[in-house]
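Before we start, here is the structure in question, set down as structure tokens.
Chains here go by letter, A, B, C, D and E, matching the order in which they are written, and residues are numbered from 1 within each.
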Amino acid sequence: GNSKSSSSNNPSSVSAIKKKGTIRIAVFGDLPPYGWVNKDGKRVGYDVKLAHQVAKDLGVKVKFVQVNANNRVDALNSNKVDLVLANFTVTPQRKQVVSFAKPYMKVSVGVVSPKNKPVTKVSQLQGKNVIVTKGTTAETYFTTDQKKVKLLKFDSKTQQFNALKNGRGVALADDNSYLYAWSKSNPKYTVGIKSIGPKSYIAPAVKKGNKSLLNWTNKEITKLTKKSYFVNDYNTELKPYFGKEAKPSDIVLPTK
Amino acid sequence: MAHSGISVLFEGTNFTRLLGGLWVTVKIAAVALIFGIILGIILGGLRTFKNRPLRVVLRLYLEFFRVVPTVVLLFLFYYILPRQMNFNLPADQLATLVFALWVGAEMSDIVRGALISVPRHQIESGKAIGLNRFQLYRYVLIPQSLTLEIPATINLATRVIKTTSILLLISVMDVINIGQQIIEANNHTYPTGVFWVYGLIFLFYFLIDYPLSWWAKRLEKRRLEKANG
Amino acid sequence: MADKVLEVAHLEKFYGKKHVLHDINFSVDQGEVVTLLGPSGSGKSTLIRCLNGLETYQKGTITFEGQKIVPTEKNWQQLRQKIGMVFQSYDLFPNLTVMDNILLGPTKVQKQDKQAARQEAERLLASVELSDYANAYPRELSGGQAQRVAIVRALALHPDFMLFDEVTASLDPEMVRGVLNIIEGLADQDNMTMIVVTHEMNFAKQIADRVLFLQDGEILEQTSSKQFFSNPQTSRAKEFLDSMDF
Amino acid sequence: MADKVLEVAHLEKFYGKKHVLHDINFSVDQGEVVTLLGPSGSGKSTLIRCLNGLETYQKGTITFEGQKIVPTEKNWQQLRQKIGMVFQSYDLFPNLTVMDNILLGPTKVQKQDKQAARQEAERLLASVELSDYANAYPRELSGGQAQRVAIVRALALHPDFMLFDEVTASLDPEMVRGVLNIIEGLADQDNMTMIVVTHEMNFAKQIADRVLFLQDGEILEQTSSKQFFSNPQTSRAKEFLDSMDF
Amino acid sequence: MSWAIIQQSLPMFGKGFELTLWLSFVGIIGSIVVGLICSLVQYFRVPVFHQIASVYVEISRNTPLLIQLFFLYYAFPVLGIKFGAQLCGIIGLIFLGGSYMAEGFTGGFNGVSKSQVESGKAIGLSRWQLARYVVFPQGFSLSVPAMAANVIFLIKETSIFTVIAIPELTNTALDLIGMYYRSNEYLFVLVIAYAIILVPLSIILTLLEKRVRYGTFGN
């Protein structure tokens, strides 16, 4: 597609957002503790909190658009949102289609499996069904680097975790950052493989060519990192959900 | 064990949230139906004209919407419209548009079918007393085709309502999407919540659609009785 | 010679490749009643429908009240106010009451004053003894009653000329008479010019000034009624007449 | 007194609350031809359909060949092989050829030998001059031809008794004669016992031994054919006869 | 739009295409069987089964396939009943299609005119013979357009299988889009793939509708 848009008619430029008074941010709706909707129907989580902070610093209101993993790119490209804060891992393919700002989290692919039949080595997965969500780095990793593993591909996080609980695959692969959380609230499961494939980062993303918002976001991330904002965010939003398996430095980037 | 899970529905604001989601669903279906039916009536009428290019174009429109699954239509519009035509709508409005166009296509076929099934001699009787084409439609064809159209239209409405279930795929906050949020949020407190939440949604759809299809059946039965004397 | 209301010259009609009317020539004078007889499929309905623009024809001319008709849909629509037609299948509009069926032409096509049109409709309904049924719907009428209303509906436009196509063919035998009486009245008292297609030989005998006998789309005979029924010229017409009274 | 084939006693029939047959009493002797006359809606079809078990009745008895009929669907199904019926609307099965239409009853219901049944069917088809149409489908037949096949289909079961309900009513006038000829043949040559509902007065006069005149579901007259047509007893019957020949 | 991208994706779409066809085929055959059983049970008014069939038809017709599948795939295992994804898809499709087919057949049987039934009775046919020689042959012909419409409908419904991770056509397209972000190309292939299956069917449907409208039987 052609995603060229000059800054003059760019509806997502900083000035345009300020003029509208709202920023549209894509978040997950079913991924505790990053972006989800709690019992009271409120959007909460690590990413959501960051989104509120971003809006506050921009001096505008925030409007959330709930996305699934496989439509984060298109949400940007089709001007449905201005910014994606949905656990968006930076990959070479994605870099070609969107612009990533500075990262705010570390991540790599992990594999969760039942405690009574734990998967600890990738070789255990050969010829078996592994559950993933469409459009995630886990899917890309297994599709390109582990061709002997059979994948069951779902649209949403709810669907993939339900499928694991129903025993539709021997294990589930996704970003380790939320597998930690999920396995804590589902104690029958364990993150048997903590990290496979390349280490990568999670970053905010904007539409390609949206220099104005990209620069602003980069400055914002730097500023927030300096203020140790992410450590705080980790402690309030993530820590309660993580088991002993994780510590802040597994997730949050060093304050430099 | 399963019965304990039912309370997930009444935890916090869950039930009202589900109803809210249902309202989104119903609203999209209703608005799409209203616009789609109006569009379909116009197109259906046009399709009875003898103008060949017009008929071919309208036929292609119908075939496109009839052949492409609604899920795919949604994605087509969702992905392609904004980028190729710089035409941007929030997901729920976009869904309404897609559904309306789809309803318009199906409706045009219903209307055309009903219009051409008005007996030929009725048209001739109309002509014989000097009615012009517009008057023929206004006083003879349209009123007489209504009894055929109404049951078919109600059935179409039930189909549209059922099809709203796929809205979840383009992240409209419909009843199913909200249901998934609730399932996820209450995952460890109510492991059987999935059963009850989907069960309730199942019931919601049934409660909306069943009366409609019952009504359509009754109208259809009465029409047949009338037709057979 | 009297005023010619209608003149048909060299009319030819095809359905696709099927030649159903061959070189039809005849005329109808003011006040004359012509009956069109002939076996089933001989082209009677087709001919009469050509005269009302419900069928297109491929050759020939139709001249009405001295004017050659240019057969466009628009012209026909105008002419149909002057050339009334009643069909076999008493085709009232089921969605309208008897009164509305009758008023549709006068008020919507001729833009007559609604009040005046209604009075006229009431007069006509009374003349066919159906005053009580003004607000009934067609399905509440018997076949004979519906057919009488259909005639009134055509008459309400005050046509100069009437075409009747087997208007009693789908009626119960007992109901036939009422309808035929009305047509007879139109012929005798109102001196209406008309063409009548019918299978009721007695009726044809009684009403017709002249008979056109059609066979395979050709006019085989065209004589006075008296001559046709007493002494038909062609053997085919004779055979036809024989078969009609069992 | 001759053998009574059929006896109807105190028959009453309601459609919901509508009382359509009132205390019907009559009988038919072996070889007798009874015609049922009466205005439209008087209950002729309803009565004849009761005699074939196509309608239920609420009171009264029907006795056939000396046996009182217990009106269950099963009994009727047996009896219908002996009581043939032909309807107005020449209802051949469109999915079967003429031959298969005729063979269905003899081979499937009566389990006759297929070869023999076919020979008999051919004989019957020949008798109505339709030998050439054995392999045609009903849509390829004219109305008159189809109606003749429908009669053959009923006769193929060799019924003792035939019911005809206005079998010529939906035919073109020219086709009526062929069908009536066949029924006449059945009456005269085959001495078939039958009840015939018809609107063709000349035909009724010619064929009937006895006439039942029905009005509003009651038998108003029940006399010999000669007497009925020359000198009807009730004024209603007289009126009816008058209306029939215009 | 890049042809290279399209070409690269064709093997994957090929697999999805096969799967869509296969699942549709099994689902449609199953639906016809279930529909036939239901409509026969209803036609002959078999006690108990007749009521069961009615309840089934109403439930199936008035709820979305997507929820039916969610139930089968995600909720049933909670009760200890578990089927594989493809089996769930097929069961769901048959559950849905069975009622549509049943309505189609029943409509056809009811469409056989009363006078045909009476003619059959008049020559002494038993209830079963009447069904066998008159009602069913004519009823099936009458139900053919409804059947064809149902076939198209059911094939389209297989696109919903994407929600239970069956890699049919739609799932394949969405998956590729999620990984490589070439939505134009993949959606184009997807639409073409459905057109290849459904356009011929739609044309046949139109022809069938015409044929039945003019009441042709025999050859």
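The definition used in the following text is that a contact is a pair of C-beta atoms (placed from the backbone, for glycine too) under 8 Å apart; a residue touches a chain by one contact, two chains touch by 3 or more.
The model shown is predicted, which means the values in this text are computed figures rather than measured ones.
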| item | value |
| --- | --- |
| Interchain contact steps from chain A to chain C (minimum; 1 if touching) | 2 |
| Any chain in contact with chain A as well as chain E | B |
| Distance-maximising chain from chain C - centres being C-alpha averages | A |
| Relative to chain D, chain with the most remote C-alpha centre | A |
| Distance from the mean Cα position of chain E to that of chain C, given in whole angstrom | 52 |
| Length of the line joining the C-alpha centres of chain B and chain C, rounded to whole Å | 48 |
| Where chain B and chain E are represented by their mean Cα positions, the distance between them in whole Å | 19 |
| Interchain centroid distance [CA atoms averaged], chain C/chain D, Å | 36 |
| Multi-partner residues of chain B (at least 2 other chains) | 79, 83, 168-169, 191, 194 |
| Multi-chain contact residues (two or more partners), chain E | 74, 78, 162-163, 174, 177, 183-184 |
| In contact (per the touch rule at the top): chain pairs | A-B, A-E, B-C, B-E, C-D, D-E |
| Residue numbers on chain E that touch chain D, as the complex places them | 113, 115-116, 118-127, 129, 133-134, 137-138, 141, 215-218 |
| Chain A to chain B touching residues, read off their complex | 1-3, 29-32, 36-41, 65-68, 71, 74, 77-80, 155-159, 161-162, 165, 185-186 |
| List of chain B residues in touch with chain C within their complex | 119, 121-122, 124-132, 135, 139-140, 143-144, 226 |
| In the complex with chain B, residue positions of chain E that touch it | 58-59, 61-68, 70-71, 74-75, 78-79, 114, 152, 156-157, 159-160, 162-163, 170, 173-174, 177, 183-184, 187, 190-191, 194-195, 198-199, 202 |
| Contact set on chain A toward chain E in their complex | 1, 69-71, 73-74, 93-94, 96-97, 131, 134-136, 139-140, 143, 152-155, 159, 162-163, 165-168 |
